[in-house]
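Mind looking over this structure? Questions follow.
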Amino acid sequence: MSIASLWRTRQQRYSLQGEICPECHQAIFPPRDVCPHCSEAAGPLHTMSGRGEVYSYTKMFNVPDGFLAQRPYTVALVKLEEGPMVTAQLTDITDEDVEIGMPVEMVTRKLREEGDGGEIVYGYKFRPVLAAAD
Amino acid sequence: MRSVSIVGIGQIPVGEHWELSVRHIAYHAIAEALEEAGTEQVDALFVGNMLSGSLLSQEHLATLIADFSGLRNVEAAKIESACASGASALRIGHMAVASGMHDVVVVCGVEKMTDTSGESTTAGLATAADAEYEAAHGVSFVGLNALIMQRYMYEFDVPSDAFAGFSINAHRNGAKNAHAMFQKPISLDAYLNAPMIATPINIMDSSPVCDGAAAAVLVASEQAGTYVTGHHPGAVQILASASANDTIALHDRKDPLFLEAAYVSSQKAYVQSGVTPADVSFFELHDAFTIMSALSLEATGYARRGEGWHLAADDAIGPDGKIPISTLGGLKSRGHPVGATGMYQVVEAVQQLRGEAGQGQIGSASVGMTQNIGGSGATIVTHILGG
Amino acid sequence: MRSVSIVGIGQIPVGEHWELSVRHIAYHAIAEALEEAGTEQVDALFVGNMLSGSLLSQEHLATLIADFSGLRNVEAAKIESACASGASALRIGHMAVASGMHDVVVVCGVEKMTDTSGESTTAGLATAADAEYEAAHGVSFVGLNALIMQRYMYEFDVPSDAFAGFSINAHRNGAKNAHAMFQKPISLDAYLNAPMIATPINIMDSSPVCDGAAAAVLVASEQAGTYVTGHHPGAVQILASASANDTIALHDRKDPLFLEAAYVSSQKAYVQSGVTPADVSFFELHDAFTIMSALSLEATGYARRGEGWHLAADDAIGPDGKIPISTLGGLKSRGHPVGATGMYQVVEAVQQLRGEAGQGQIGSASVGMTQNIGGSGATIVTHILGG
Amino acid sequence: MSIASLWRTRQQRYSLQGEICPECHQAIFPPRDVCPHCSEAAGPLHTMSGRGEVYSYTKMFNVPDGFLAQRPYTVALVKLEEGPMVTAQLTDITDEDVEIGMPVEMVTRKLREEGDGGEIVYGYKFRPVLAAAD
């Protein structure tokens, strides 16, 4: 991602800023010009809570350029409690931890060492929500 | 709309062609196809390719290949739809002839993936996904398919060896194809002990990185007789051609376990051709990963949701099965040079329909279906061909 | 073959859109075109784009844009022919409708060139040339055009200010176009004192790096009445569409000073439409560099070899001249977002033919010609449009 | 250019290895599978003499990634005495030297500092042929 692209998506990467459709009231992430649910013009900005659960996950051994230092790592589809699903890495986990349905919460971490201009890229990852002692 | 037929095919064996550049392998396929069609007169060249810009620093690829192939003053354009580039290019060629704009069109799918390092190629393949919301998080293309497979196994309670049959069938069939990258059968043990790429996808679930080029010559069916030179029994007609898309990001799909674009494009193709799933003699599906075979069979009318893998377990997909798939090795064994794959599928379907598939020939092949998938299911192109 | 008409156009002002990504600018143009056409029903989206893979790490671009634009279950494919990608995509859309395969097609040319550093973008543009035998030697795209211009000046004994008129005309016309990147006339002094990029090409000979997107909605002419909503006088018909190629490398041309592909594609277009050069009311040519304006005029029937620059010197190219060119600023002043340019040319031609070009309107515009060039003349696409 | 591409084109870059068409006898550079002059299968390898003349030239101030250290430099179209034209940098020149028609000869020089794998790329450039004293 270029510096321009990183700048444009910073509110998404740092705080999961999406939208709520004024027509069908569904949450959308990232913001879109057209609501994918009802095709009307999409609506006001809305920051997601950052809580969700693991819909699926994979531990990756072969990774793309730019991510070699972190290998292997686990990527998940996380279903946010507001509805949208996001693709993100899991962090602060051991292999045994991860399972489908596991509650997770967003944290900000380094995504890759350097982008095209040498800059460090930060963004959302997800970690397990510790169950309250009961 | 003029009916369109294929009167010549060409292909280079899939593999690691260190000694040949992208222009050389494309020319190999094009020259063979033109030779078969018995013509040097060409109106247009459409090239299906995904990665020449990002991996080879070479755009303007169709014109480069036309030039190197001695095709001057023709139309040349590259068509890109990620891994569905090959079949997308065939659709453009089809429209060019069907409209009457052109009389003789060459369509070539080509990809050169082994010039670059594994990590560069992996990053290149990830450009099929959403750069800002998928690739930015380090997910590879294998990773996206692994996310689908993991959830599929969870939701439908599928055993871990459920997909072995797809890989075993592909390799068994590829062993009979001289153009395949891998020409050796594999055992269940080999599948079960294969190293993981991205859990639960192991090496035997996944198609290889490789180079390849395949081409076809298209003319109006009414003129096909002029071009068929006696090298082969006759022209093969394109009975249907359809393409549909879905969200580019896997995470945006209404149901990440259902290939809606495969459903839509195959339904369109069935309607166009009047063919039903039961009429199809063989199905060259997009088995880039074993999970994709299951999902394609489900979306295209051969299995209910969550049950596509039963067809492999029951060996209904073998050469003598209910619906033979990957009859000459598929993406898994013949190989998956991404932008070329859609054209390999079509070239192999033509071989089957002509009865020229050699040891891989299936019995009574009269109608063949091919399906080419771009991204994690975002672009899906279906063709139905008849002898 | 069905006749095809344009019933909606859209464009975003050309410039540096730091705040918008490639998907946003494409959507802007597409939404505007669909709004004008008064339809939400679309069968296919063809996207002309050159650099999304190498500069943005985003392939599968047409599907990404279809998704973001709310176009689901449609066909989507990207068409790449270097800087001729836009017009090449229009040709594909034309064939899709002409064949009857689709009824409503959106064609969008889009390019995002300002996300990356100048050197990266320069390297990206060089992928239009032969990577192994041109770009490998450090020649930029400007450099290739400079090699043509230097030889042209030598061979035809052309004075160093001969090309000024092309740049002055473009800026004078662009000043009247609210979508143009540069909306200010320039003086002869400004041209003569402009810094060199690659001798003899100075900044005023060369079109700028920028972002842009332009789109059109295509339907069968016989159905055009249904879509024209009263926002504008009527549909514009595509009277001719032709593409031709030449060697990709400049050094391989029989005559590097003659645009053979422009000659071939314009001759085809004249034959298709029955239009002669004298019938053309205005000509949106590919003035990426002033030398290209001269060569296009020579290859297309407006000047003899070596004399194209006289037309600028005599101001035959102005709005009231014998053959008005770059009527809304051309690539020089409106800007040259490479894969989008061919569609800007077409959108502007539609504006002229509808009489909706505002201050840039030329008198009695009944037939417009557009010509889009890929590489140093290797792919050239010509369209003729009529009211 | 990748290492594979550099390896494949090494005889072209180091010694201008081309072909002579067996049908029409024209020289071809680089080798092709089809002769561009007569469309027959192209022929046996033939190494060009490396002598030619400048057909056109340009001094480049804005240059692509990978060539910044050499900026500005002069690129030429060189018409080889055997017939083919090539694109190459001129070297060992001053600005005043260069003119169309100038006789030049091939030399091997560093083309760019490093390729994709960090390797140094060598290949042909052209320098003026010194006229014999007369």
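For clarity, chains are labelled A, B, C and D in written order, and residue numbers in each chain start from 1.
We adopt the following convention: a residue touches a chain if its C-beta (ideal position, glycine included) is under 8 Å from a C-beta of that chain, and two chains touch if they have at least 3 such contacts.
Please read all numbers here as calculations on a predicted model, not as lab measurements.
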{"item": "Taking each chain's C-alpha mean as its centre, the one farthest from subunit D", "value": "A"}
{"item": "Between C-D and B-D, the pair joined by more C-beta contacts", "value": "C-D"}
{"item": "Distance from subunit D to subunit B - Cα centre to Cα centre, in angstrom", "value": "39"}
{"item": "Rounded Å distance, subunit A centre to subunit B centre (Cα mean)", "value": "32"}
{"item": "Subunit A and subunit D, separation of their C-alpha mean positions in angstrom", "value": "50"}
{"item": "Residue list for subunit B, restricted to those that touch at least two other chains", "value": "21, 56-57, 117, 120, 123, 126, 131-132, 135, 247, 249, 252"}
{"item": "Residues within subunit D bordering two or more other chains", "value": "1, 5, 36"}
{"item": "For the subunit C and subunit D complex, residues of the former touching the latter", "value": "117-120, 122-123, 126, 131-140, 142-144, 146-148, 150-151, 154, 195-201, 247, 249-252, 256"}
{"item": "List of subunit A residues in touch with subunit C within their complex", "value": "1-5, 7-8, 32-36, 39, 116-117"}
{"item": "Complex contact set, residues of subunit D against subunit C", "value": "1, 5, 9, 12-13, 30, 36, 55-68, 70, 73, 75-77, 84-89, 100, 111-112, 121, 123"}
{"item": "Footprint of subunit B on subunit C - complex, ascending", "value": "1-2, 21, 44, 50-51, 53-54, 56-64, 66-67, 71-82, 88, 91-92, 94-96, 98-101, 123, 126-132, 135, 241-249, 252, 260-261, 264, 374-375, 378-379"}
{"item": "Footprint of subunit D on subunit B - complex, ascending", "value": "18-21, 24, 27, 31, 40, 55-57, 68-70, 114-117, 120"}
